[in-house]
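Listed below are the structures to be examined.
What follows is chain A paired twice: with chain B in the first complex and chain C in the second.
Entry: the complex of A and B
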């Protein structure tokens, strides 16, 4: 009997939580959940006279350890749209990659430059479908035909449309700088000054943020990505002679040499040709 | 002396004789008082006399040193959970002639601390020996007070900021409800730590004049008013100099809610907010 008359139901989206009970039971018995890589983070966005400036720090943490001292938190979405991400690094990375691909297809379908609200709607519908389980807090900014836009996107799928926004663990430190210094119609230089001051406030006052300042300035002319615009945490000492370990400085206890390429003897048939 | 069988009196249910098994139990098992004794369902629980949570609370207090003395600032609100219940509460107080005390947290505990400090200052005055308790001594007294209560699991639920000037030396310190204490050039409690300290660290200088220090405090109080839900736009500043303590009348700051971007922000993104 064929079931060709039955309409195919598309698979339901979202996560399955079947293993949760078993996981809690295992945890109670002493098994440890792996720590996931978060971006700690201070991310900010600001609208100035001609466009949007996005800023981010560059520290990624795994629990209490800094696992990446210089990661990139400003993600590409479209030639005229960028997105800073805070929260679980895998979630921010993958959700922005996914929306970036969707935007390319959308540009082919419409034949037009992408709009910021398109990216916003795609992000918020995805995050809402996953009910906050996708832990991505984003500052989305860009310039399209309707002008400059800046949005804050929260993990559960709500959004704010703001002239200045901060997210992440360093958001209070950065917001204190914005609230005391923001004015309307800032020039590009003033905007960059305020954004980097806000990120530095996060870097120096929040333990989850650190290392360098990344900036991204988007205007209708184009996008300027300033990776490591400021590096206020340089390595303070480096040996001028360099590090040189001559043979003979360390005692060799044993030596074992392993061939990297195995020599294979062909007994029957033809040997493969070396490429 | 062998203390392995020692049991603190009055904390245990009566055991006719301590068997060797009982002797191994530490005295922290099975106290009479407390909500955790599931094995003593027949005994009525004594009412808890420990502070478990605060009820009427004040929000941040800020403090900075400047050229001629010390400034403390706080708003005049006391919240009851999420309601701003009292709007004219003075959370700054003069202690003697040399010190000002600001408190955040439970207001009733602050009032109790004020009573104790009044008695302390009066006793000191009665010695009539030409000495008076300065900020260092008051800070130490408050630290021992808070830490002692913490050790009894019955804290005074406050974070205190203490600023004073004695013999030309400025002093600014903090004591928290668990007895953490420290001194610094600029301090804050509660939300002020997250919103005001970054600004202090960037803009505070040792040789600020009174006007500059007040401007710095007002800048931070404004950010706190914008971003702390328990804060109101009614502040007091306490100025401590060699001449004494002066607490200002409450006043309000100019706020700006009229950014053009806040008017119809979702014109380009219909459906969001």
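Entry: the complex of A and C
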């Protein structure tokens, strides 16, 4: 290979799709893809008189099993912006962390408070570049100098700007509550009540959502994160006599005891001094 | 032992095509089956049998109803709990009822539990090539009055045991029952016999706790649990509420 004067272009990042053909072939032969931890979810946001309220349930599923009964789906983006995430948990967490870091640098560069549209543009261009392979459906909300904003961001990179939005597998249940009860210029209490009712609708009617309600209220004064604002699903029953595992319950096949004292011994000199 | 397990949901009866260049088969095709979810458990004791099933009926990610009974009383001493595709379960229950009626006319007595167990197995295998999508647990008292539990796969392979669970929460509940009702390892203690030494109330307590635990982690199990207890006095029914999320 001759040396050329052209600078070698560093790899741009993103996915290479070479292995997709191999994957489809393996799937046809019967191999199973590993399951992702998804947040089969209900996430919502609404704009009220003084700002934005975001809400989310707290169940994370791996297929049909609940893998986390109390996970956090409302992510931090900036002191005045938050984002709820539905879809593959790894994708939502990483994309929000990444945009949050980019926003810090942007704040240093501009010397100003971050705007919601900045976060929106960063998210949508990232998601579009990955052509929907990053499975993150987000409800982005915040208050900046231009006022309160609420956006819905889809995995392929499209966005909607809305007065109220729902995403996730429980979005239809939540939207039914919003469509019947939403009106403009809600007070904070009314807004919180409607958001929790919408999340509860998702929790009780959608099997992919469950456990507790998280809320985040953002106004120009600041952000109020109410983790587990409602906990309408306590455990229904516990066995009265508990569980008792006596010695001998598990078969001991062999025993080997290694003395640790042999390895930790001050042979010469002083033991570690105390400062 | 049971090793035949129906593929979930996507049981399509399509002929195999000759191998050609790999194409992506995107797009759902029609399936005669659906899975309505749910879990069934049964525990047999020295003179009782407890059969329980949750009361949630679902499809996909939606709940169809919170109050559906998966338990069917076939004879005075024998109860069938089935999870899976409830249309097939209903059809199977009607089939067994009809066969039981005929038996009663011919023999002037009710079928015993072991006899019903064999009948159920034959009924399921009869449809070996278009199965009932039904995961059954049969519980009752045998001819001597001891508790018996029979557990089935979808095509009729069955076994009598001291306890069993079937359905979407099976993998969550079975290890707990193994731990509580059978010694953890046969190397240390001799394995116990097929009827478990719990008292009736202890068995009911254990069942309630296992269902509560299964409802925490399995999305298809919840809403309520219906518990049927058969002993020499007769058949008794209890219900308990479960998480509805």
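One rule holds for everything that comes next: the second predicted complex is superposed on the first by the 227 of 275 C-alpha atoms of A that agree within 3 Å, B and C clash if a C-alpha of one lies under 4 Å from a C-alpha of the other, contacts with A are read in each partner's own complex, and residues count from 1 in each chain.
As a working rule, contacts are C-beta pairs under 8 Å (C-beta built on N, C-alpha and C of every residue); 3 or more make two chains touch, one makes a residue touch a chain.
Just so we're clear, the structure is a prediction, and the values are computed from it rather than from any experiment.
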| item | value |
| --- | --- |
| Which superposed partner A:176 touches (first chain B, second chain C, both, neither) | first |
| Contacts of A:40 with chain B and chain C, given as first, second, both or neither | second |
| First (chain B), second (chain C), both or neither touched by A:32 | neither |
| Contacts of A:59 with chain B and chain C, given as first, second, both or neither | second |
| First (chain B), second (chain C), both or neither touched by A:22 | neither |
| Partner chain(s) touched by A:248 [first = chain B, second = chain C, both, neither] | second |
| First, second, both or neither for A:117, with chain B first and chain C second | first |
| Which superposed partner A:237 touches (first chain B, second chain C, both, neither) | second |
| Touched partner set for A:205, first chain B, second chain C, both or neither | both |
| Partner touching more residues of chain A, whether chain B or chain C | C |
| Chain B and chain C footprints on chain A, overlapping residues | 204-205 |
| Chain B partner contacts - residues on chain A that touch it in the complex | 47, 116-117, 120, 124, 146-147, 149, 151, 159-163, 172-173, 175-177, 179-180, 184, 197, 201, 204-205 |
| Residue numbers on chain C that touch chain A, as the complex places them | 22, 24-25, 58, 61-63, 168, 172, 180, 183-185, 187-189, 202, 205-206, 208-209, 211-212, 215-220, 240-245 |
| In the complex, chain A residues that touch chain C | 21, 24-25, 28, 40, 59, 61, 64-66, 69, 169, 203-211, 232-233, 235-241, 243, 248-251, 253 |
| Residues on chain B engaged by chain A in the complex (per definition of touch) | 191, 194-199, 201-202, 219-220, 222-223, 226-227, 259-262, 265-266, 268-270, 272-273 |
